[in-house]
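Letters A, B, C and D name the chains as they come in the text, with residue numbers starting at 1 for each one.
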Amino acid sequence: ACSTGENSPKESKGKIKIALSNSFIGNGWRVEMENVFKAACAMPPYKDQVDCSVFNAGNDVATQTRQISNLIAQGVDGIVINAASTSGLNGVVQQACDRGIVVVSFDNTVDAKCGLTVNTDQVKFGEQLAQFVVDQLKGQGNVVMVTGVAGTGADNDRNAGAKKVFDANPGIKVVATYSGMWDSATAQRQTAAQLPSLPKVDGVWVSGGTDGVIKAFIEANRPVPVTGGEAENGFRKYLAGVSTPKVNGMSIGQPPFLSVISLELARAVIKGEHPKTSVTIPFPMVTSETVKVGETVFPDLPDSFFADFTDSGPDATVVLCQEAATDGTPCPGKTLAVKLG
Amino acid sequence: MTDQTAVHAEGVDRSFGGVRALRDASFSARPGEIHALAGENGAGKSTMIKVLCGLVRPDKGTVRVTGRLATAFQELSLLPDLTVAENLLLHDPPRGRFGLVARRRLVPVAGRILSDHGIHDLDPAAVTRDLSVAHRQVVELVRVLATRPEVLVLDEPTAALQEQQVAWLAAHMRRLREEGCCVVFTSHRWREIEALADRVTVFRNGTHVTTRSRLTESEAVTLMSGRTLEATYPPLAPPQDTVALEARVGEVDITVRRGEIVGIGGLAGQGQRELFLRLFGIGRQQVTVGGVRTTIRRPKDAIRAGIGIAYVPEDRKAEGLLLPMSVRDNLALATLERRSVAGFVRRAAERAAVQGVVDRLAVRAASTAHPVGTLSGGNQQKVLMGRWLLSGAEVLLLFDVTRGVDAATKHDFYVLVAGLAAQGRAVLLYSSETEEIAHLCHRVLVMREGRVAATLDGPVGDAERIVAAAMKEHQHV
Amino acid sequence: MNLEAVLRKAAPQRRIWYAFAAAATILVAGAVIHPGFGSWPSLRTMLVLASFIGFVGAGQMLVVLVGGIDLSMPWVLNGAAIVLTTSSLGQSGRLPLAVLLALGTGAAVGLCNGLGVAWLGVPAVVMTLGMNGVLQGLSLGLSKGLTCASCASYAPEPLRRLVVGRVWGVPSQLLLWAGVALLVTVLLTFTTFGRRVYAVGNNPRAAFLAGVGVRPVTVALYVLSGVFAALAGVTLVAYGGQPSLGLGDPYLFESIAAVVVGGVSILGGRGHYAGVVAGSVTLVAIVTLLQAERVPEYGRNVIYGLVILAILFTYGRERADD
Amino acid sequence: MSELRAATLGYAVLAATAAAYLAVYTTSLGHLPTPFDYLSLLNTSLPLVFVAIGQSLVVLTGGIDLSVGGMVGLGVAIVAAGSTGSAAVTAGWMLAAVAAGAACGAVNGVVVARGRIAPILTTLATLSVYSGLALKVLPVPGGEISPAVRSVLTDPDLPTGLIWLGAAVAGWLVLRRTRFGMRVYAVGSDEAAARASGVPTVRVKVGVYSLSGLCSGLAAVFYVSTTTSGDPNAGDPFILTSIAAVVVGGIAFAGGRGSALGAVAGAFALTLVIDVLFFAGIDPLYQSLFQGLFLVVAVLLGSLLRWRRSGSPPRLRRSGGLLRLRRSGGPLRWRRS
């Protein structure tokens, strides 16, 4: 299960060993996150400093626990984790820390105190999208909330953030709240089912599966409202007008390159170049105005693809190329520079 | 006499859906007697017994049992996946430390129980599923005997037993009688009833006919069937010379000519069923059907082989009919593609064909669309026969087809079978009622332990000869 | 088994009516509770969503009729969806080929399932569960987790029109569903094959002794099950435009639920597709209503389960010794 | 049928996977597994072991329990939501979780036995109900248990887990040696015959499902103990893995044949497979493919074993069944599976 082939001890002279333990590969985001990780590992400086490996667990805590235990057995120096359960891995992560292994978790992070985390502020995610919708509607209108997978931390935080903003604006009326399971197909089906019995909808707030929600509006021959949503390429195609109709909205993503930043943090901490502190990064965010074809939206990539695989702009945390995200191949002749904020 | 009865049932009614198994039936037996319950198949014996031991709740009537009661049912109630020992000791297994079941002692204890009851040729560690029917029956009997009952009820205990096992059972029944227990049993073998029973109760169509201490067989038969058997058998036409079926199954050579009815005699469980199933393609088998030599691997092959083979099983509910499906579906099942175009059933043709058979066999059904399960036993059996009449099979394997069929329908059957033979069909017939074989067959092969023990030219006429042949060098009861 | 049971079994038609009654009850209740729920647009969309369950339900029912079960649906569905887009590359010209490939994939998996169950005697639960894993592995691996170049392509336009388009105001997807319903019903009620299916389902032993090829029939049913799962995948990808990983996940339990809510006996031998149609609608209606009423996730699960239990109690009971 | 014989398949598969594990482990790391490996293997397997034991009891009666997922989830939620730093409180809530599991199981049992609703349907419905309750009790992952409890149940550095594994196995062996244990097999072997020979089938079934629930409760306890906190969705993976463990353990879906010890072995085998794939360096994307194959192959292996025992290939055994089972008609067992 190791993309860069080797995880045998003799090979890695002087190289530090860092493994990515990903809870499951069940959606496009995870695939991209892994690809950029692999790409980064194949690019300097990591190419000659780090010896990477990648593992997936079937979204099942037991499996991921086994893998992390095995990584401990392998004597890796650092473990980068996207967890199957924010709480489920505390036990084994503690064991890793006890053995002096640097553990960095991101996206779906691990609670264990001893571990470092790299993440975006999920509550803020909810707030920003909600605030955008509110501003566009001038504080007046009917809003629909499409939530994610219940029983997960991220879903809770995002919803909490959004609720705070919407409640603060008396003019905004949340006319429906239902779960899209962070899956475009499901989001589309649920939205389609709900729309007919809904009044005029002026804005939608989507925790995931945004393109599905928009498709549902189009099918129902309803005007697509102001949309605050995730960073699905499909959604951004609408923002950019690549897909019709052009949609007015804001797209914030949980960036896949969190894995790369975690890699960098792990490396830096092991090398002693960075204090043992967690990192929170700003979201790469685009609106219908700022979205750029070829940079933050990709017509020739799947809708389910997450278009925020790279940060953009002058003070970008990290800049990656398309093939890194799609094939996990290194960006030609480029040394990777990661800002740990 | 009812002052001191061990079991007493009065005015019991019980019906299963349409079938009235018992109507105002009464029965009583005393301590210290062996009491036979006689009656045709379907007379209601088993139902009465189930009522007596409370397994079946009567719709109406009273039941009283005094003393510890143990019953061996007709359908074996052994558990196939458990060992003999586990079956014997299911209810009070040997206890070891902390009152836990001492599994290691199961086998020895069971072994002792078996030998206490005079059984030595049976491995208590064997898985019941793998035992012969006779041995399973023995285990079942030992299980009830071991409970030291005051009232012992046995439903057709000997049906599957070999002669020396029958003797063994008889001894135990007598011992219990001496000990003052009440022993009730049912049987279709008059010899046993005569030899064992102090009193006989006769049932017919679910009602009590009589209870007597003296009763000759012919009287009994008259009472059971409501008429004398002899008269009910039709005359047989002479068979033709052309051979219809020829096969060697294990150690048995079978040759049946057109128009010939060959009876397979012998006690139950002597390999007759295996013989029939092999001829019908369960397992690989070489057969010559209507001069065509073929290997049949599955029933489909047998049905298609040469002039066609048909098998009517005794257990129609498990192996013959699709109870919830309509009479029509059941009749048509084996010959669907004959009345179909491009896989579509030609309903009109089917209805016509089915109606033809229904009329010919006088199947009594409200409509051919009714589930066959709602028909009476006799009519269910007719439907099963009808299926093969539709298939036009020329070789008929009839395995105990008159089980649970009332006397009148039985008679229709005899006529039908004789008629089919007269039209040149070849019939291989097994029946648990030796009388049928004695009167209905041109030739009788008597089987014992999977081999042909004797061949009698028929119609044999008197069943005693067959029985005698069936148990040569076995001592009589 | 005794005659009461026989009689109870004898009236599958009655169970169909129960199933429709259940669906009607939910719909009416919804229309009363939630304004707009009963409107034609709302019903129309619910029917379209039900049709997807209807397709997997058709496959599931066929195997359940012979006492089997197909747990490989989720990834057969998903795999077929991926095959469709990747092989069609969004070009109408390649559509026929692509559809054939997708359905063929389903058929192939069904064949494996059938052979494993009927000939190797592997319990259906295990065989289909295993195949589900196999297919998941292949789908993920071969499509590089859906990041492959061709994975970007959409379902060809004609197909999408077929699913989301309208004919005289009726979504053509519904016409497709009607077609499937007709097909399955005809297959089961008017053909010799159908007769054999019910025979095997009611009593394989007796069917076998009446010359029915128990095993061929079983295999054929699993193949059909695979094809219908694939069909669901094809239409779903047309509906959403592109496949996503986990597209099929919701459809395992829903297919089983639809079958039993539709009055099909899980022990086999009894049931008609009409019931499954009603069952699919019932399920969609329940979920839609609960979502519309903003019942929190936990409440949705609890109520969903209880409703199904209630339905089972009214007409899903088996004889204890069946 | 002796325990050893009943569990042959499970042991065989476990032995095979263990061998494979040692092979790939040593080749990739150059040394044999360390105590740490065995210990973490043991601790991570414990929850599945318990669920598998419960599941095998149900399957032995010819049923199936899909609701284990919900019951484990609910148990985990209860413990995690209730626990505070104090060991006593945690222990208390753990007992509550086990009790809740047993109660849920009892409900399943009553619905199946009294309500005469097929087990797979009953538990499919209750699965949804119990999972919902879990979400209600613990809306988001979290909670924390006192380290004291952890060091008693699944100490990461001491093999305390062995004690509980031993207890579980002992528990089964005891159960097997009670009259109830024998009756479980009786009911699974032929329910009608069992009833006729005086086995209280309803009570046996209710008992079996309750025990399954109880085991799920225990599994929840050990889950929380190994992970030190809770997740309402924790139960979901156990539905299919427990069935897989039972199957790999060589328990017949028809019921009446097999041993929970086989399922225990199966549970460990399934956990080991993960490690094998890990050290064999299988591309993560293809993992489920191998797990699927593993399941099917293991079962085929099982039918081969039974074939060698019964002396005839499965196909003939089928038709052989026609010859064998004289009066016992009724629906064929394999229709259930």
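Criterion: a residue touches a chain if its C-beta (ideal position, glycine included) is under 8 Å from a C-beta of that chain, and two chains touch if they have at least 3 such contacts.
The shown structure was predicted, so the numbers you read here are calculated from the model rather than taken from an experiment.
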item: Pair exhibiting more inter-chain C-beta contacts, C-D or B-D; value: C-D
item: Gap in Å, rounded to a whole number, between the CA centres of chain D and chain C; value: 29
item: Rounded Å distance between chain B and chain D, as computed from the means of their C-alpha atoms; value: 43
item: Mean-CA-position distance for chain D and chain A (Å); value: 35
item: Distance from chain B to chain A - Cα centre to Cα centre, in angstrom; value: 72
item: Contacts with 2+ other chains: residues of chain A; value: 25, 150-151
item: Chain D: positions in contact with at least two other chains; value: 135, 139, 283, 285, 287-288, 291, 322, 329-330
item: Contacts with two or more other chains, residues of chain B listed in rising order; value: 298, 317-319
item: All pairs of touching chains, each written as two labels joined by a dash; value: A-C, A-D, B-C, B-D, C-D
item: Complex interface listing, chain B residues touching chain D; value: 55, 73, 75-83, 86, 90-93, 96, 100-103, 127, 129, 133, 143, 273-274, 277, 282-283, 298, 315, 317-319
item: Chain D residues within the chain B interface of the complex; value: 1, 174, 176-179, 181-183, 185-186, 188-190, 193-194, 196-199, 256-257, 316, 319-320, 322-330
item: Residues on chain C engaged by chain B in the complex (per definition of touch); value: 1-4, 6-7, 9-10, 190-193, 195-196, 198-199, 202-203, 205-213, 269-270
item: In the complex with chain C, residue positions of chain B that touch it; value: 16-19, 280, 298-300, 302-304, 311, 313, 317-325, 329, 332-334, 336-337, 340, 343-345, 347, 370-371, 373-374, 387
item: In the complex, chain C residues that touch chain A; value: 34-37, 39, 41-42, 44-46, 48-49, 140, 144-147, 149, 151-152, 164, 236, 239-247, 250, 284, 287-288, 291-292, 294, 296-298
